[in-house]
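The structure under discussion is supplied below as structure tokens; questions concerning it will follow.
Letters A, B, C and D name the chains as they come in the text, with residue numbers starting at 1 for each one.
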Amino acid sequence: MIEYKVEFPVRYYETDQMGVVHHSNYIRYFECARSAFMKDIGFSIEKCESLGIVTPVTKVECRYLYSAKMGDVLTAYAIVDAVPLAKQIIKHRVFNQDGKLCAEGSVTVGFLDKKLGKIVPCPEEFRNLIESRLNTADK
Amino acid sequence: MIEYKVEFPVRYYETDQMGVVHHSNYIRYFECARSAFMKDIGFSIEKCESLGIVTPVTKVECRYLYSAKMGDVLTAYAIVDAVPLAKQIIKHRVFNQDGKLCAEGSVTVGFLDKKLGKIVPCPEEFRNLIESRLNTADK
Amino acid sequence: MIEYKVEFPVRYYETDQMGVVHHSNYIRYFECARSAFMKDIGFSIEKCESLGIVTPVTKVECRYLYSAKMGDVLTAYAIVDAVPLAKQIIKHRVFNQDGKLCAEGSVTVGFLDKKLGKIVPCPEEFRNLIESRLNTADK
Amino acid sequence: MIEYKVEFPVRYYETDQMGVVHHSNYIRYFECARSAFMKDIGFSIEKCESLGIVTPVTKVECRYLYSAKMGDVLTAYAIVDAVPLAKQIIKHRVFNQDGKLCAEGSVTVGFLDKKLGKIVPCPEEFRNLIESRLNTADK
């Protein structure tokens, strides 16, 4: 299992008039973790797109457990436990600085050849990079 | 069953570099439909909050079926088929101007007494308004 | 002088913990008015981009006069009083439902040939459409 | 003169279909730098608000010079060169990882007593903290 995390402060514009981070932003935090994970593994979104493959999200689930607030420093995790074939499922968790779990969920991503306009399998290079990282992580 | 809908054009800033509406925005479109439904029924979010009750989202699910694009005029539905007790589950659908289903999902909302800082049941007035609308809709 | 307006309700996620619309959103409202104006005149952003010309913003100014709130229905104006040459300057105003001026400012837009990667003059078709609309408006 | 900076990667959802960061986001980056500056100086926005003072933005100016892109790591500066009296003017600059100036501008912030609903001078504690930092910076 690969656990990759990024840390960032809550931004003021992300709060709403309830005085907490608006729920839609956690979906964006999930993406921050996912992008950073892809970059770290050597297959950034930009690289993927430069190969003509975009990665549309096909499903999102999120449960909200504890409200993040202005002043909080959040840690967002991307958790990957399998080599993607047709689709990639990434689990996500967002904690605040006290270790409180604010939100958790999962995102399913497909792979689309932009020129052909059709769904394709996960690019082999990306699959190999994840497989190799999974092997390292398991040791 | 109550089906309430709102219509609005895609906004340029909602697109991303894939050339389509970023997936996080559909969660926001869901909220647009929900807010407009609450206002229409006579129990707007502002009114609810002025009574000291905020309505935090506790769960979101969304499946993405067809990408909305700049130039599209979307219709977002809030679909309510039961009187809320502890929580309210609202189903949502977003269609483009050609009737294509772009996204569908559901949002679960709780009710929180802001002063007490604790979860409360759905305010009676809101429950009654939904019940009465459900009765009208079913005729 | 052309005055084009669009109307829309404040969206909950646009509010911040001050309890009002976050200041960055007015820049987005300006864009909503601008996009709708371009569409109305027969030269939508999508059309412009399909000709290979993108319209990057080069300058923004905004003064904030009265806070918009959840529940408000806003009217955003795009005001054009000259035929664009190298750049287009659009004035903007956002009013609430009581006619209170919430924000006003201006946006300067350039024209960029995406393939060549260089600044170009305003496309002739767009210039002609604005000129003809200005002539009608002045009568 | 105080120069305070924060660093963060571009987030995917901040890009638009032109393939670059949407212009409205720089206004948000400005705020990120401003918030972090206030926190660093010992007078965070949360602290300010807990004293009953909110800090509405009254004016924003931004010039766009070079487009930030996905994959970029940006540095946003808040530059303060005077002790605020009625209002605070903060200059901002956003650079990419190659030192290219992407955007620069200024933000004017007022101080509003939320209970009284009226404009007040800059809180004395905040003024003193800035003054003392300015003195340190000038040495």
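Worth a mention:
Keep in mind that, in the parts below, contacts are C-beta pairs under 8 Å (C-beta built on N, C-alpha and C of every residue); 3 or more make two chains touch, one makes a residue touch a chain.
Nothing here was measured: the structure is a model prediction, and the numbers come from that model.
More than half of the contact pairs at A-D come back, by residue number, in B-C, the repeat among C-D, B-C or A-C.
Two chain pairs are in question, B-D and A-B; the one with more C-beta pairs in contact is A-B. A straight line joining the Cα centres of subunit B and subunit D is 33 Å long.
Mean C-alpha position of subunit A lies 25 Å from that of subunit B. Residue positions of subunit C touching 2 or more other chains: 12-13, 17-18, 20, 24, 28, 31, 70.
Residue ranges on subunit C touching subunit A, taken from their complex, read 12-13, 15-20, 22, 24, 70. Across the complex, subunit D is touched by residues 8-9, 11-13, 28, 31-32, 35-36, 39, 44-46, 69-71 of subunit A. Per the touch definition, subunit D reaches subunit C in the complex via residues 17-18, 20, 23-25, 27-28, 31, 49, 54, 56-64, 67, 105.
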